[in-house]
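What follows is chain A paired twice: with chain B in the first complex and chain C in the second.
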Partner chain A sequence: MAYDYQAVHALDGTIGAVPGQRANHLAVHRATAIAVVLAAPGHGAEAAGILVADGAFEARFCGPGEWLVLSEVHAPETLVAELSVRLGAFAFVVDQSHGRVALTLSGPDAARILANGIAVDLHPGAFAVGRAATMLCNHLSVNLARTGVDRFDLVVMRSFAEAFVADLKVMARSHDLSVDFATR
Partner chain B sequence: MASLISCPHCGVRPKEEFSIRGDATPVRPAPMASDEAWNDYVHVRANPRGRIREHWQHVAGCRRWLVVERDNFTHDVFSVTDAAAGRGGAQ
Partner chain C sequence: MTAYRLASGGLIDRSNTIGFTFDGASLSGHAGDTLASALLANDRLLVGRSFKYHRPRGIVTAGPAEPNALVTIGTGARRDPNTKATVAELYDGLAATSQNRWPSLAFDIGAVNDRLSRFLSAGFYYKTFMWPAAFWEKVYEPLIRRAAGLGRTDLPRDPDGYEKSWAHCDLLVVGSGPAGLAAALVAARSGLRVILAEQDFVLGGALLSETTRLDGEAPFVFARHALDELHGHPGVTLLPRTTVFGWYDDNVFGAVERVQKHSATIDAARPVERLWRIVAKHAILATGAEERPLVFGGNDRPGIMMASAASTYANRFGIAAGRSVAIFTNGSSGYRTAEDLSAQGVEIAALIDSRTDASDRAPDGVRVVRGGGIIDTKGRRRVRAVIADRGGFEELIACDAVAMSGGWSPVIHLACQRGGKPVWSQALQAFLAPEAGDGLVMAGAAAGHYRLSECLDDGARKASAIVEALGRPVAGFERPVVGEEVDPSFTALWHVPGARSKAFVDFQNDVHGKDLGLALREGFGHVEHAKRYTTSGMATDQGKLGNINAIGILATMRGVSPAEVGTTTFRPFYTPVSFGALAGSSRDEHAMPVRRSPLHGWAARHGAVFIDAGLWYRSSWFPKAGEKTWRESVDREVRTVREHAGLCDVSTLGKIEVFGPDAAEFLNRLYCNPVLKLPVGKARYGLMLREDGMVYDDGTVSRLAEEHFLVTTTTAMAAGVLSHMEFAAQVLWPELRVRFLSVSDQWAQMSIAGPKARTILQAVVEDDLSNAAFPFLAAREVRLKGNLKARLFRISFSGELAYELAVPAGYGEAVADALMRAGEPQGLCAYGVEALNVLRIEKGHVTHAELDGRVTPDDAGLGRMMGTGKPDFIGKRLSTRFGLTAADRAQLVGLKALEADKDMRAGAHLLKDGAKPSTINDQGWVSSVCFSPTLGTHIALAFLKSGRERYGEKIVVWDKLRGVETFAEVCDPVFVDPENRKLMA
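== the complex of A and B ==
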């Protein structure tokens, strides 16, 4: 028997959008290509070199020898194949495009909003643009990347996405925040 | 309880990100060691006051096992190292 599978975003119908483009904006990305890359023992440097060399991949640090790789260029269906070819025996690649949800928080109060749930120093001097790390936000583990002084990318596990967006709304209660799916 | 741990991979983090496994000092006996040696290794623990070495896992961060050397009386943290690095492990 044949089944028709439908790809449904984890936040479809539950996002509770706060419309408009206010001072701070949380954009939820609909289809981001995401993969987890784990370097083979002893090959961390080679894998890192390959990931950095290609501008089509955006590698976010998770742990030693482990990265979340996002791509705007590659489709969710092709990212893993592309990475496997490039990395060869240096690393293991697992598709996470439907396992994680990517969000972008931007605006002048972005760091302040995040500071309501994250205990890591987010001053640009301590957590510079381009840095990424996995950290605890309230009770959820999220991968936070600083893509600009007032711009952060967050990647959460799919099943936590709804709770995480709800948390962010509470964290931003004293700031002006709009929430919606990214138009792109 | 020491409240700030500097993970060698992630930087300074609150203790809520970690889970504590226990004493890092016991050394695993050989597979055919005496029952007494295994009983000591599995069940018997000292409960010292002062400087101790413990296994902590950075569950909400890099998920690596760390060895934290700290004082359970003054809350000072002396060193945090990757558990694999201590044994010359990979990565």
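== the complex of A and C ==
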């Protein structure tokens, strides 16, 4: 018997892709490696320093002493291994590549669409490019990172990903939105 | 004809004619009309019947305080009852119907109530319908509700969409009149993020109906220029058709925007209404002032309206309220209306001024009756004449409309919604807003500044102060040159003496002056009591017009100042808001997000029947061809697990990884049983207590490394346990060096249970799974064939030889498929949560059906788990308190049904044979039941007083809900394999 396991993405066959690239677009990332870094108690500053100083990783704040690290180039295991080596005793690294789903919302109405579910002020002056935080979007928790004036990365729990995308489509009802898996 | 459209004038588009219907009659108006102005233009004075007496009623105001002109707009599923015609924007195809009348508006049977009114005084139904008591709910109340009332709703599904949005600004300006516009201009020019909200569909507020010139031009021209400029500022959001209805904590304002309420055709891509939650650093309420009605005999006849409304209809809508208008005033407002109407060529029948001396000038040729009052009016469906009284001299004055003005009240509603009480101003004879702190200030007429110049100055001044407070340079505002202004003062007149007929205080609720007197006589003189007793100030308008007069009358009757009477409590909403807007998009599947297991697709492919389990969808059972009932499927699944093996999705269990040098100590204090010495590579059952000693949750603790643990929780308590741990780490023991993270979504987890479980797993797993290499409670990482890392735990909920295998969620389906293939020769089947439940009842394992918050570890038969030797753990102290250690506490037992054809249900109570059902005789309750295919009988888990001493006793299972009694035998709760031979195999 051959054992060749194929991973299924949480949104495979469920998102009801709205194809093409409309004015606003929600891209679902199929193979992003995601790790959560928890600073060891008393070592938040050291962990933050290593994460921020190292341009190799996209570290997103999601709570005191807690970051999400996303990578499009690492495999989940290598991401965890590399982070663990660099952070040493300053942090604990947990693979969440299968536990979370990464999405990118871009377009001129991106902030306006998100304001239909998110209470945080997303004006570029208040939530600048490069900032990230974990917040509620309607019923669900999402880590939101601003990667451009009109561009946001969203990380949601895997089990809620389908409900989240369905919600986002409703939030974007008055705005031209396409939804599809990202092409690499 | 009385009311009519003037030949010219107004801010309506006369080139754009709009067709609409009222009670089926086809009528027309113009773009820019409200439904009320269009009805007036068509001389439709009679628009409704009153709440209690069914009196004919007409349009009283030109704004959101309207008490009478409540109509139902729309048809079918889009009917909106109780819509104020005075704010409803006219659109092509609008269909309006009148309310609270039968069979028709002109001939209404209910009007007989008016003749019976001496039996229908305030509070009459409390006195009249007292006996017999049972009749109130079944007979009296339904009758009263049908007889009295407003519009009716029916319940077809709302076909339209709604939206909820957040907005943020430095300054929220509520109201777009002179004060609001001046404030918005200053703030916008100073670079602030500004939101300007206006309930009207045209921005401009009073400037749309005002005639005092600004820079030599009509004031709406100034408004237009100001709005053009505001449009050009990128930081400014203009929100017309948006009512700010509430002021909440942290300076958050609730507002509802009517996005598509002015259209007969609905664009499905847009919401019909949008609920805004506006987070404002500062807010300026420029909400203007409300004109007060006068309380005189017969003051409710159609054709009697507020003086300012008569002016607005003339100036903004180009409509004369009548051909001959009588004006009754206690201040300058009546004179201004006289001017506005005279300027349009409308005859003024008389100007009756309650004051004996006043400096106001009436237009040339208008007769002024000073020191007079109206004591009655004539006419039925419209006013024909008024009876004026001056010092006992009565005079009948013919007219076809009456404009009344009782002075002005600042609109302070929002500012009083968070507990601040209005403050009485003797100088202004009005209640003003309380000091609200930094976040909210009043400006213009809402602050008691009634002159146009004052409004502009005050708005600009208040905005400048806010710009300064935000540390920005203040931009200039050059106030336009204001034309000739009049003294806005008035002399309060709470009620007009000598009324010959009912003098209404609250039009909407049919409360007249005598009702308030009755309330006071019967001991309900407090303003809040008077409101409930008389219903004054209730229903959709909440007394926007009438309350101030009710307060004034109560004050007069009690011989005190209105300051002493005070106001009733202001609460959201300022005006009614639809449930649709409040729900937003949270309906159907968007009301509660669906949470799917990573094995959902696998279960669906195997034909699972799913069930809502909390937020999750879980596979309940897997019917096979030929199985007719769920019991057949479940019985087969249970037997297969006991004889061969089964695979169940247990991914929904909460999983939390715990790290740190103090992780073991942390968990040792969190669980009641010892955790400190758990070896690496081993799992242990764990029980968490609450502080009060009751069981909170159970699960397993596995030590993956010296300073790395994985704990599982029940599905239901996953979020609760995580919060509990956060609290313990942050508040109880901040000194412990520990971090943790929920990893529930990372793993797909499968239970493989049954005598063949090892054989099946070994086909898939590289590592040695022999009993010696992987004994009971082993827990560690393994490698699957095909080189996939997984976590394997030898734990059992069923009592069988069992394992739980966790793989990264995305691989869950593939691994489950591989196991099913490997298990096929061994007879492996998929089983759902129903079979899981039967298996654990047979083995006597508890779930939250047993751990219901009233149960101690000892009650559940787990008393020996308590690590009483530990220095401390949550729940330790209170576990020893009196009552928790009593010998007669209900203890977990098993029950075997003695009558084969009778099942048992959870919730049934236990009685001694022959005892009468009573609280005293209650012996305990049934917590979980099932049919046991293994034993071939119905069994149950139950809590029974001193139960462990009573094995073998015959007991009555008393089920009052179903009216069933059955006998059962008390036994050990472990029905299957009490020696754990299968478990350890």
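One rule holds in what follows: the second predicted complex is superposed on the first by the 179 of 184 C-alpha atoms of A that agree within 3 Å, B and C clash if a C-alpha of one lies under 4 Å from a C-alpha of the other, contacts with A are read in each partner's own complex, and residues count from 1 in each chain.
Note that a residue touches a chain if its C-beta (ideal position, glycine included) is under 8 Å from a C-beta of that chain, and two chains touch if they have at least 3 such contacts.
These numbers were taken from a predicted model, which means no experiment stands behind them.
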| item | value |
| --- | --- |
| Per-residue touch tally on chain A - higher for chain B or for chain C | C |
| First (chain B), second (chain C), both or neither touched by A:97 | second |
| Touching partner for A:141 - first (chain B), second (chain C), both, neither | first |
| Partner chain in contact with A:53 - chain B first, chain C second, else both or neither | neither |
| First, second, both or neither for A:121, with chain B first and chain C second | both |
| Partner chain(s) touched by A:5 [first = chain B, second = chain C, both, neither] | second |
| Which of chain B and chain C A:133 touches, first, second, both or neither | first |
| Contacts of A:85 with chain B and chain C, given as first, second, both or neither | neither |
| Which superposed partner A:42 touches (first chain B, second chain C, both, neither) | both |
| Overlap of the chain B and chain C footprints on chain A, listed as residue numbers | 39, 41-42, 65-66, 119-121 |
| Partner chain A, residues of chain C touching it in the complex | 161, 163-168, 193, 269-271, 277, 279, 585-586, 589-590, 592-598, 601, 616, 657, 659-660, 708, 737-741, 743-747, 763-764, 784-786, 788-789, 808-815, 818, 821-822 |
| Of all residues in chain A, those that touch chain C in their complex | 1-10, 13, 36, 38-42, 65-66, 76-77, 92, 94-100, 115-116, 118-121, 123, 126, 138-140, 157-160, 162-164, 166-167, 170-171, 173-174 |
| Chain A-facing residues of chain B, complex | 9-14, 16-17, 59-64, 82, 90-91 |
| For the chain A and chain B complex, residues of the former touching the latter | 39, 41-42, 44, 62-66, 119-121, 133-136, 141 |
